[in-house]
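Shown next, in structure tokens, is the structure this report addresses.
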Amino acid sequence: MYVSVIGGEQCSKEIYELAMEVGRRIAEMKAILITGGRGGVMEAVCRGAKEKNGITIGILPSNDRKEGNKFLDYAIVTGIGYARNILVVLNGDIVIAIDGHYGTLSEISFALEYGKPVYGLLSWEIGIKNFNNVEELFEEIEKDIRENL
Amino acid sequence: MYVSVIGGEQCSKEIYELAMEVGRRIAEMKAILITGGRGGVMEAVCRGAKEKNGITIGILPSNDRKEGNKFLDYAIVTGIGYARNILVVLNGDIVIAIDGHYGTLSEISFALEYGKPVYGLLSWEIGIKNFNNVEELFEEIEKDIRENL
Amino acid sequence: MYVSVIGGEQCSKEIYELAMEVGRRIAEMKAILITGGRGGVMEAVCRGAKEKNGITIGILPSNDRKEGNKFLDYAIVTGIGYARNILVVLNGDIVIAIDGHYGTLSEISFALEYGKPVYGLLSWEIGIKNFNNVEELFEEIEKDIRENL
Amino acid sequence: MYVSVIGGEQCSKEIYELAMEVGRRIAEMKAILITGGRGGVMEAVCRGAKEKNGITIGILPSNDRKEGNKFLDYAIVTGIGYARNILVVLNGDIVIAIDGHYGTLSEISFALEYGKPVYGLLSWEIGIKNFNNVEELFEEIEKDIRENL
């Protein structure tokens, strides 16, 4: 199972902590984590996943692997700029949006356009299930996974 | 000047009429119209523009030019699927969103991420200037253009 | 009819002159010229086309329209870097390669992969019809067009 | 270290065997293998790598992970069609071309345009180092790696 996490390159310390916790939970689910590979929320979630020995893949906008954060197992370069946002979303069986600005909104809406399940954590209120804490977020995700089995 | 118009491939008759009027107004401004080149709002706005001898360019998702609507002067094929949404937005000096679902929302948010001026006509309420009629929409656009000169 | 012309951003004066002549011939055929929109061969062929009132479209790698040469009627920005090479090729009903280095070779091979007719003018010898002068090149192109009618 | 291997989706049994051997050698070098993720040469090289417990990543043209061959550890979907060829090449620190038709040629030329070291095994003769057997190919690769240290 692949889980894409989307969120801003800049974030508050509080959001960074929440994103780390999301990363730990994804690793504990034995899912592969997909992100945009850079800083902020993307870094935090990879960092959390690596604490629990998860697998982390970053899909980068440039063609320079060094642009990736240091918690990536695999850095995939693209050279297609922000069009890589679409790839981040397409690679998730589910998508989790944490906080975020317009870049994140574009990813949420792409995910919805492609019919992907999208879960928000303190994110945009545009018709997605949005949660205030990590515990409730994963209760819902795990329930949805069980029911689709 | 290039104006990108974004909106759904399906739309009501009412929205279709409004989109045609937007197309006429863009042609009267002597701006080049950029759309995603297909049906619905995209077709209507091109149709209106051609009534007033405007120039219409469609940027298509597939690599088949025949996919374009019949009101296009130039059909640019891409073969990159929905990633072409980004190209539609990047090619506008300003972006007008008419009605629309998640595809349109992704385009609005990309436009905002790139710092483009975005104007809505009965579209998503996510912080863009949103209007209920074509007259007010173009008053605002023309005011903004004058003030930036 | 759309004709894509591919070739290097740097070229000799001799190649520049030949490319201008190719542009004039494309305009005289009333075909729309597609190029990568930048300097060298791309500029020369647009310049020739404009001398004969042809239509010129450039598909640019960056998202900055100013990157285009001054002989473009329409500059389409992409922001996807060299991946735009594929778009240049996809938009031609036929493809003409003039001189060129590895960028041009990648475009020739993409064109061949997509089954496009490719004609060379002093270009790569990899199984395409390659000519030494503009006259013979267009004799062949015009013969092929007649025979497919 | 990332090694991209490019080659056709159809290939002879002989080429398939050679590609498997290339995969084994890449795994023994502890390099991560990048391919286009589909059949033929792409499958063979992944299969060889997995025999030696290497890591295999496939970058797919569609947005359907099931399109990937069964020897992939990670299948990255793109939805951008053949433009994904560029991503395959960009992700290699070195590129190995095995046999191949025009798709492979486009990848070789992109690699050369980006200044990547390209090695051929019974592949296109267009100025790359081309070898007839796996032993000589890897002698050269290992020599080049040592000399760059």
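The letters A, B, C and D name the chains in turn, as written, and every chain counts its residues from 1.
Going forward, contacts are C-beta pairs under 8 Å (C-beta built on N, C-alpha and C of every residue); 3 or more make two chains touch, one makes a residue touch a chain.
All values reported here derive from a predicted model rather than from experimental measurement.
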{"item": "Chain copies touching (chain A, chain B) - same or different residues, decided at half shared", "value": "same"}
{"item": "Interface with more contacting C-beta pairs, comparing A-C to A-D", "value": "A-D"}
{"item": "Chain centre separation in whole Å, for chain C relative to chain A (CA means)", "value": "42"}
{"item": "Chain centre separation (chain A, chain B; CA means) in Å", "value": "30"}
{"item": "Inter-centroid spacing, chain D versus chain A (mean Cα positions, whole Å)", "value": "29"}
{"item": "Shared interface positions of chain B, touching two or more other chains", "value": "63, 79-80, 82-83, 86, 114"}
{"item": "Contact footprint of chain D on chain C as seen in their complex", "value": "80, 82-83, 86, 101-103, 105-106, 109-110, 112-114, 124, 126"}
{"item": "Residues of chain C that touch chain A when the two form their complex", "value": "63, 79-83"}
{"item": "Residue ranges of chain C in contact with chain B within the complex", "value": "2, 32, 57, 59, 63, 65, 74, 76-80, 83, 86-87, 90-91, 114"}
